[in-house]
Each structure stands twice: as structure tokens, then as C-alpha cells.
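Everything below concerns the one structure shown next.
Just so it is clear, A, B, C, D, E and F label the chains in written order, and each chain counts residues from 1 on its own.
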Amino acid sequence: MRPSGRKLDELRAVSIETGVTRHAEGSCLIRCGDTHVLCTATIEDKAPSFLKGTGLGWVTAEYGMLPRATNTRNRREAAVGKQSGRTQEIQRLIGRALRAGVDRVALGERQIVVDCDVIQADGGTRCASITGGWVALRLAVNKLLKAGAIVSDPIVDHVAAVSCGIYAGQPVLDLDYAEDSEAGTDGNFILTGRGRLIEVQMSAEGATFSRNEMGQLLDLAEAGIAALVEAQKAAV
Amino acid sequence: MRPSGRKLDELRAVSIETGVTRHAEGSCLIRCGDTHVLCTATIEDKAPSFLKGTGLGWVTAEYGMLPRATNTRNRREAAVGKQSGRTQEIQRLIGRALRAGVDRVALGERQIVVDCDVIQADGGTRCASITGGWVALRLAVNKLLKAGAIVSDPIVDHVAAVSCGIYAGQPVLDLDYAEDSEAGTDGNFILTGRGRLIEVQMSAEGATFSRNEMGQLLDLAEAGIAALVEAQKAAV
Amino acid sequence: MRPSGRKLDELRAVSIETGVTRHAEGSCLIRCGDTHVLCTATIEDKAPSFLKGTGLGWVTAEYGMLPRATNTRNRREAAVGKQSGRTQEIQRLIGRALRAGVDRVALGERQIVVDCDVIQADGGTRCASITGGWVALRLAVNKLLKAGAIVSDPIVDHVAAVSCGIYAGQPVLDLDYAEDSEAGTDGNFILTGRGRLIEVQMSAEGATFSRNEMGQLLDLAEAGIAALVEAQKAAV
Amino acid sequence: MRPSGRKLDELRAVSIETGVTRHAEGSCLIRCGDTHVLCTATIEDKAPSFLKGTGLGWVTAEYGMLPRATNTRNRREAAVGKQSGRTQEIQRLIGRALRAGVDRVALGERQIVVDCDVIQADGGTRCASITGGWVALRLAVNKLLKAGAIVSDPIVDHVAAVSCGIYAGQPVLDLDYAEDSEAGTDGNFILTGRGRLIEVQMSAEGATFSRNEMGQLLDLAEAGIAALVEAQKAAV
Amino acid sequence: MRPSGRKLDELRAVSIETGVTRHAEGSCLIRCGDTHVLCTATIEDKAPSFLKGTGLGWVTAEYGMLPRATNTRNRREAAVGKQSGRTQEIQRLIGRALRAGVDRVALGERQIVVDCDVIQADGGTRCASITGGWVALRLAVNKLLKAGAIVSDPIVDHVAAVSCGIYAGQPVLDLDYAEDSEAGTDGNFILTGRGRLIEVQMSAEGATFSRNEMGQLLDLAEAGIAALVEAQKAAV
Amino acid sequence: MRPSGRKLDELRAVSIETGVTRHAEGSCLIRCGDTHVLCTATIEDKAPSFLKGTGLGWVTAEYGMLPRATNTRNRREAAVGKQSGRTQEIQRLIGRALRAGVDRVALGERQIVVDCDVIQADGGTRCASITGGWVALRLAVNKLLKAGAIVSDPIVDHVAAVSCGIYAGQPVLDLDYAEDSEAGTDGNFILTGRGRLIEVQMSAEGATFSRNEMGQLLDLAEAGIAALVEAQKAAV
């Protein structure tokens, strides 16, 4: 009944290839089905100015999409002259999510910038960015630890994300574009490796939903994220 | 234990004054404690171009904050030359929320723009904007109905919003700025008059939360929104 | 003969309500008939960089108009991405006018920013902004004096403004929108409490005017501003 | 007593050289002392969209200053990415002034754009732009008349401008930069060939002025403009 | 003597992988050593407005670089709010080069947009973009031919590019970043499959060069491009 | 056979008038036929931040074109809000070219900004800007030498530029607009006074060219530039 033939609670095939670019301190290419995101983590010696002298670190994210990552070409945001509201909303979300898994005291007064660039899109790009972005962050932090720049590990847990929604009346896990564009209700769920919630964003376009449906989607998300965390563990 | 002396499940005093500007088709000034938002609804004869010929209407929102609505002065976005990511995220949310309470076929091929301008801020401005924005929208639609421009009422239900969060270890309703800036977890809940969910956004900054806590916040929100809907009914 | 039924030399009803926002150091809501402007004054400890080390203070102004302050909705300048020429011209004028009433040595090396935001417009918004802006400035300076931050009062006189024009062949005081859009010649007059001139801007669109007419308008302005200064005195 | 040795009521040497660029429909280089402005007039077959179908024409102006027209280099506005408030204020003024001398019915539904680019600045650039801009406009309209594109002359009178101010306690005509930067009160006066007033802008920075002083400056302006109009007549 | 150990006239290893994204009409990932560029071609039914009604087609290009394609992170142009001069110069060059190999009558009144996004940079990104961009263009045109949308092949020849320069006193082929940042003279050479010149850009930073050196670099380029054209042939 | 009646190897009449603006440290108006460019050089005491502490100087350039320098009016870049790709490409070229003739150690840690503003255009504006820009630079440096601010002359040679192209099948020198808009192949050649090459940019729009043709154009350029260098010598 799903366009892809997947079961209701079935994730798309996920692969996380690390070390894909030569320059970044941490990097991976995450593929969730046909959604492919290149994630790189850059270590900067300086924290943002609002943290000067606090001893606290910062993790932030930027998000972009290549013009032809989608079915029809999108105008390049650099040519338009600004990032869309959607782009800004997504990159703020990624940054918040990753910070929730980091001990900013242990990180010390420096910044890690995680860039998530969508090479090919088929729904769920913000979730793939978070799951892959965490891997890039993990690898960059490993480099700091190995170099002795920091002594205790600032990463306190895995962070991963998945979308769920009500498609054709049924709660389904990990929506692809065909499902996402039809679903009246969908949500993004960001959890830690231990299953704690970091962020829940459920939204109805043209429909409304009940507490019961919300619970069903959360059940799906918990299972899906457990699998994504396993993929992260295998990758790093 | 709350800075304001309110009980855990106590809303701030809410007042909704309608007809506050002479020009708008619908308007109100909503006050949720010290958060004051001026909401106006403008009817435009043309729908956005992506709806041309579909017979469907559109509701959209814009959000702004006066420079000295806050404790320290914010730079004027018009002078900066762009709307911040936060502003864009909020106005997208308001628009989505209001559309969820509208039958776009009954509205017909026209657009209603809801402007929410924060005159004074003390936390919860996006929620007040949604609750007040619905009132402005309702009044503008009444004008269309009265004029015979549309025949059946496109507004299918009330839409109202409230924030809840975990403050000092306790779930509390309707956070003010003092609470909001301390809460590790908080969320915005948008519901219909019948208690259906439109949007749930829960987020942890520097903490994580459990499904149980999520349920407690939702309980608070349901009660709070019921009271806000009563205030809307009294106003229109 | 005037659309409003006013006499040729009759001001609109003016009211100045102070202390209207909780956060600003000085604030008022000025109503000149249906033109309503919220004015706030913000004290900043630092003067602009071009004054560094001079011991001189600065007063500046910013002006905005809510999208639906007018009969048809204006695009939000923050969304457009820049302030219009008209907005910039007006805020430069307000700043210049207020500085003319301030002893910048007595103010000391700090800046006061006066924000004038038009809530509802019916002509004469720049004049109302100056008259109301002076009240907000006065209240903020009072706070500095009371706190002992400055010892001698830097405000040397009242500053108020009014428009006059030739409507239907007659010189009239305090044009509302209906008159303003018809008048071939109009002007803005900014005077001190003692009746000295700060700025005179007379302009003909589609007509020209004589020295004699200029004198008549100035006569009207002098009388009008005397009444506005009384309203300022009552307010502070 | 004036830095230049001029008498109080003495204009700077003025020259107006026409036909200075090969491409423009009308052009001149106006020199008022060391202030040199290149003015070109471009005829466009289409009027602005707000005039579509009205049969009315439009005259508009743009103003610019070469980066090294001034004593220290100004940043190029094209590189900064926007026109300053000052630039916009000036070009709005030039356009308004020139339109006051034009019969827009006789012009017909077309637009003339007058570009005023300051090659070298020594005070009074906006006045020189108006006086020279009128010459460029006149020449372009002559071309339309000669070509039979319009039948009756849309130019109803000369338009010229001059600044006056109170320098070292004395009213002086045609301020140069050395005077302008010291004058507490100054003004720009725009008059027609017959001596009617189009625009008066008097402003006090750090001083105020009386009606009597205003009259003295206007006396100076009337005499100065009569001479400038003679220079225009000689040029065209 | 070259940092990479390559011979003076030795290209970096080149690979061209086609069909790398699901959505684009033509695509390839070109790798010239450690420089990796993703090239996609998008067919648009409409030509730019300046070609309306001419029957002529257009090929244009856009260029971007992921923030961490380089050794230190570059600011994202979409976040900065504009494309740099360098970016614009490069994308204008790519577009010009590809158009030189296309019969715009045979293409018909449509546009093909070639996006070149640098995933990893090690010198020579503009040349790799041209060589890879041609492959993407070729594949997109093949789709048009296969679909019968056009009847005769608009691609008249291969287009490929390579850089050469004088490094440590010696003319070398295909500079990598280590060489490029040291070379006093370098150039980009764009040739057709038949060896005709499309564009030559030679430039000296801090040195000058002779006609003889220019000839030596061109000799190297001709050989290098012959090999790149073979790689293109193998790929399509 | 050339539209202007010139011989194939004949430059347009060139004149270089120096000292044309009162404020700039060096200035000239260069006229190459109907192409007129005003060049000014500004000495700034500070070098760009990337050179801080190196003892090295910098020469940079900015380029602009008055709106009516061309046959039809161009939109003012300051009004558009950004410099076009073409403008940026040209000003980068001018800066690179002039730096090639300067010993940046001898210049010392300061910056010279060369502004090239096209007053009237008839093809070849970038070449005229380089040739004239060098004169302005030379005059500004003379001032530094005379004042004793620098001791040894940082200008190591003349820098001049000319365009050549294939027009109607023939190689011609110094293309005017009529030729430039028809030429399938053209190029810009920048040489030193001793005949060394600084930059060669040859480009084919809609044609390709051979090595032999490239040589013929370079022959023409060498002769043309020798004459331009003589004009520079006469001017300074």
C-alpha cells in the first residue's frame, strides 16, 4: 500500500559512508533511500562572540540543497540573494538538535559548524541531515580527543531523527517524497541514543490529528531511531 | 514557585479587544499578561499565483516585533535588510495554523493576510499571535459573509495556541519570559476549538524529555486552550 | 468645507498617553485624530563611533509603519528587504528635529534612539512622530536625570511639528489624509516651544506657491504648534 | 569674510555646457564653482505602470556621486548594495522639482529620466542637479517636439535651485562646502522662471532661526535664481 | 619536481561518472585528482525572455562550492546574501564556453541550465566544471533527441578545459592547488574536440610572461585537452 | 572596410587629460575615440586587513558606468542593489593588471584605490580604464614620492591595454562598439611598457579561432600598446 512497497514500520535502506571529503575534520555521505546528504563538520578555534570568556562551546549547522537535487530545478539561494524561510528553519533545527547531545563545557570555547548539503532529495532531508550530521560531528570530536585538544568526550549521546506521518489513513515510518506530499499529518522526531526526546514537531496541513495518532507516530519513531542509531554506531 | 506567583496550570490574564484599527477588515489587540500583539486581517481579491484557477483560497501571516517591544532594543528588521530566521519560522507557523481551521474551497480564490505585530513582549508571542490572529481572521470573514461575497462560512473551527514547559522541574502552563528563558524543555501547542491537534512543537535546549512529560504538557495545553477559545468566543 | 468639518485653523483632537510600554525608558502613544503613533525612546550607553572621545551625545530616530496602518495594505519593509526612500527621509527628519532641541554636551557621550511606529495612519504621521517622539525623549532624559547619570538637563526646549497646506484654495492647518492627497501645496513646520523655527519643508506637487501663501501657512503653523506644545506639557 | 572672498549675495561662477555626451537625448555639464554635475535626460516610450492608460507622462530623477568627487573617498553605493538615505532623499527632490515645471498631459504617456551624477563636489550638489537637470530635460523635450512626437510644449517654465544659509551670522547666497559645513541654518530654494516657489527646505543643525532670517534667505534666493535662469536661457 | 610527483605534461587522474543523480536530465561527477565537481543539466521549456520569438536556444551555467570543499571553510554564499565576483566570473565563463559548442538554432527555443557544484576542491575547479558540464549537457541533449523533441543534434563539438602555468620556472599542465597558489603565471585554455580555441585566459600575478612562454603553455594545453576529450567520449 | 574608416591596425584617437578633479591624489580623463573614462587614484593609509603587518601594499580598482554612458539607458547598479557579474569581472581585471606593474614592497603597507567611471562608452571601456588607471596611479605615486612618504619608486613599468578582434574576417586593432558587437572572436591584451604580457583574454562567442589568428591579434596588440604607452608618457 505504500508507493515504495515498504511495510508501515519499515525504514528506507540507510547507508552512512564516512571520510568522504579530504578537507573536513569529520564528514559522511548519508543515504536514506534516494535522499542523499553530504555532511561535514568544521572545527573553529573561536566560539561565537556571545560566548566569549564563558568557556562554553557551540555547535551550529547550515543547510543547503543543490539546485537539481529535486525533481524540478530550484533557484540557487546564493543567486536569489537569501536563504528561504524553510532553509533557515531547517538549519536552526539541526543546530538545536545536535547541541542537545553535546556537553558544551567539555567542548570548551570553540565552535563546530556542521554543513548539510542535500545532493539528492526524496523527502526527509532534515532528518537525514541530523542523523548524518551527528556522525560528522562525532568524527570531528574524535579528532580533537585524539589530538589532546580536549580531555573528556563532549558527546553525551547519539542524536538521530526520523519522520513519520499518516499516509492514506495509516501511520507510516520514514516518509519518502511521494508519501510526504500526500500526508495530511506528519512529524519529525529527534531522539537520543537512549530514547529520550529532543524535539517533536508534528504538523497538520489540511487535517488535524488526535493524541492517539500522535502516540502511534511516536511508537514508530522510537523503533526507527533505534535502527538509525545502530547505523551510526556501525559507521563511526 | 512561579516568578509571577501563578499556579502551575494558570494562564496569564487574557484580554482581546476588537476593532482596534480603522482600516483593517478584521483586527484585535490581544494581551496575554504583558505580551501584547496587534493582529490585523486584510482581504485581498487575488489568491497567490500558484492557486490561479483552482478556486481555492489562501490564508497567510506575517509577523513583526517593534524594536523596543523587548527589554533591550532589537534592531529593526527593515533596517537590517532581512527578516531573521526566527521571524520567518514564526510567520510560517502562524499561517499554517490558521489555514488548518479554514475550508479553502468555501473561502474562494482570494487571500487573507494576517499581520501580527508585537507591541510588547513577555514570552509566548507566537502563541498570542495565533490566538489573536484567529480573531482578526474571523472578523474579516464575517465581513465577507455579511457582504455576500461568500455564502458558506469557510471557518470550520477555532484555532488557539499556548506554550507549556518544564520550569524548575515542574510542568507549567503559559510561560512568561522569565520562565521561558530558564525552561530546559518547552513546547507550543496549537489546537482547534474541539480539541484536535494542529501542531505540536516540543523542544529541549540543554535537556531532553520523556514521553510522560510530553503527556503532562499536553494535558496542561488542552485545558489552557479551552480557556483561550472561550476568550475568543467572548470577543467576536 | 473641510472633509472633517474642522475650521481652517483647527487642529485635530490630540491626545498623548505616556508610559505605554513596559520596557522603554520613555514612551507615549500620540493620537492626532486618526493618526496614531507609538513612540519609544531607548537609552544606549555608547554614542555612535564618529563621536568616540568627543564627549558629545547623539539622538537618532527610526520610523516604521505597520502594514495595515493604511487603507490598503503596504508591503512590510522587512519582507521587501529595505526601507523605502520615504521612510529614510522621514526618519532622518525626525532625528534632525529632535537634535535641534538637545544640548549634546549636557547629554554626554551616549545615544538615545527614538522609534516611531505608526499604528494607524490618516495623514501627518511624520509630524505626529516628532511631537510624540519629543515626549518619549523627554521621559527618557528624566530617567537619566533622576538616576544622576547626567546633572544638567540636556533638553533645551520643546520640539513639535505640524503640517499645513492649501486645500481647495484655502490655507488649512493639520491636514488629514483626505486633504493631503488633494492639496497642491503643503508643508511641514517644526518649531521649538519658544516659537523658533527648526525646519520648514514646503513643497508643491503640480502647483507652485507664493511668498504670501508661505506666510499664511506659517501663521497657521505657529498657532497649531503652540497648542501641541501645551499638549506635550500636559503629558510629561 | 566668506572663505571664497565672494560678496554675501554673490553666486559662484556658473557655466552650463550642453551636448556633452553622445548618447543621451539631452545632456549638460553644469559647473557651479567647483561643483560639477553631469546631467543627462533619457526619453522612455513607456510611462511607469501606475500611469498606464491615463495619458499622463512622468519625469523622474536619479542621483549619484562618483566615489572620489569628495575630499575623502566615499564608498561606491553599487558596492555597498544600496543607495543611502541621503541619495534617495535628493533624487526624490530633483524629480518633484522638475515635475513642477512640466505639463504632464502635454508630455503624453512617456517617461523622461534625468540622471544627475556629481563628478566633483563642493557643496550645493542637489541645487546644481536641479538647475542642470532642467537644461537636460529641456533639450530632450526639444527633440520630441522637433520629431513631432508631441505637439505642444510640456515645459511650462524654468526650474532652478540655489542654497542659502546663515554663515558666521550673516545670510549668504550659494554656500560652498566650507560654508555649508559651518552654517547653523541653511536651506534649499527651488523656484520657477517667473519666481514662483516650488520647494523650500530650511533646516537648522544645532541652531534655530527666525521668520525674519527666513525672509532674508528667500530674498537672496530669488535674486540668485534669476541669475541661474539667465544661465539656463543662454545654454539652451 | 612537482609536489604531486607528476611529470610536467601529466594530467591528474580523471574519471567521469555519469547518471549520478536521479532527477537531472543529464549529470556526471567529474574527478580531476582531488577536485570533484558534480555537474547537472536541466532542460527548461522556455528560453530567456531576450530570445522570445527568435527560435534560438540558450545554454547557461551556475557554479557553486560547498562550504567545506576547501581546506578552510568558506562562508556559504546563500548566507552571505550574494555570489562573489569570483563565482560570477566563473559561471559566466562556463556558460560562454559551452555555448561555443552548441548550434543554438538546432537547439530550438529552450534553455539548458548546467549547474556545477564543487564537492571537493584542489585547484582547477572551473576547468573541471567545463569538461564535466559538457558531459551533462551532452546527456541532456541525448534525451531530447531520443524523445524526438529536436531532430538534428545541436552539439557541434566537444568542449573541454585545462589549466597550465609556470611553476618553479617550468611550464606544467593541469595545476593542482599547491602549484596554483605558487605559480606566477597561469592560464585556462578551453578548446573544442577538433582543437580549435574557444577561450584563452592567461594571467600573471606578480610576474609577467613572454610570447614564447605563452606558446609553451598552449602546447601543453592542446595535449591535455585531447586526453580530456577522450575521457568525455568514454563517459557518454 | 571598418565602420569608422580606420585602417586595420589603426588605434582610435587617444587623449589623456590629467588633473581633472580637484580632490583625487591622481586623476585623468582618457578618451579613446568616443569611449571616455574618468580615472581617479585615492591613497589610503591602511592596507587591507589580510596584509596587516606584512609591510606589503595593495592596489585595487573599482569600475562603474554612468546610466546613460550607453546608447540605451542602463539601470544604475546602486539602485539595482548590486554590481553585475560583468562589473565585478572588469574591476578585478583592472586591479590585477595594475598590481602587475607595482613593487608592493616599495609601496609599503598602504592601499591605492583606482576608480574608473565610464562617462561615455563606445567599446573597449575596460582597456581604456587600465590605460588611464595607470596614469592616475602614476600621478598619485608621484605625490607620495614628492612628499617623501616612500623613497623608492614602486612603479616598475607602464601598464596599458587594448582590444583586438576578428571583424568581417580580418584581424583589427582597438574595436569600437560597432565592431565589438559583430566580432566572433575578440580579446583584451594587457602589456607592460617593455612589451611583456600581463594578461591575455581571448574569447569566441559563436565562433572558434586558431593559434595563427591568436598570433595575428597579438601582433596588432603589441603595436597598439606601444602607441598607448607613448600617450601615457606624454601625459605624466
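Before moving on, here are some points about what is shown:
Everything that follows uses one rule, which is that a contact is a pair of C-beta atoms (placed from the backbone, for glycine too) under 8 Å apart; a residue touches a chain by one contact, two chains touch by 3 or more.
Here's who's who by UniProt: A, B, C, D, E, F = Ribonuclease PH.
Given the structure is predicted, the values throughout are model-derived calculations rather than measurements.
The set of chains touching chain A (Ribonuclease PH) and also touching chain D (Ribonuclease PH) is empty. Farthest chain from chain C (Ribonuclease PH) (centres taken as the mean of C-alpha atoms): E. In terms of the distance between Cα centroids, chain D (Ribonuclease PH) is separated most widely from A.
Interface chain E (Ribonuclease PH)/chain F (Ribonuclease PH): over half of the residue numbers present appear on both copies, so the contact uses mostly the same residues. In terms of their C-alpha centroids, the spacing between chain B (Ribonuclease PH) and chain E (Ribonuclease PH) amounts to 51 Å. Averaged C-alpha coordinates put the centre of chain A (Ribonuclease PH) at 28 Å from the centre of chain B (Ribonuclease PH). Averaging C-alpha coordinates per chain places the centre of chain B (Ribonuclease PH) 33 Å away from that of chain C (Ribonuclease PH). Between chain C (Ribonuclease PH) and chain E (Ribonuclease PH), the centres computed from C-alpha atoms are 59 Å apart. Contact of a single residue of chain D (Ribonuclease PH) with at least two other chains is seen at positions 81-83. Traced around the ring of touching chains, beginning at chain E (Ribonuclease PH) and stepping first to chain F (Ribonuclease PH), the chains run E, F, D, C, B, A.
Contact residues on chain E (Ribonuclease PH) toward chain A (Ribonuclease PH) in their complex (touch as defined above): 21-24, 27, 34, 38, 40, 42, 44, 62, 64, 66-71, 73, 76-83, 87, 113, 115, 117, 119-120, 122.
Against chain D (Ribonuclease PH), the residues of chain C (Ribonuclease PH) that register as touching in their complex are 82-83, 85-86, 88-89, 91-92, 96, 99-100, 187, 192, 196-211, 214, 218.
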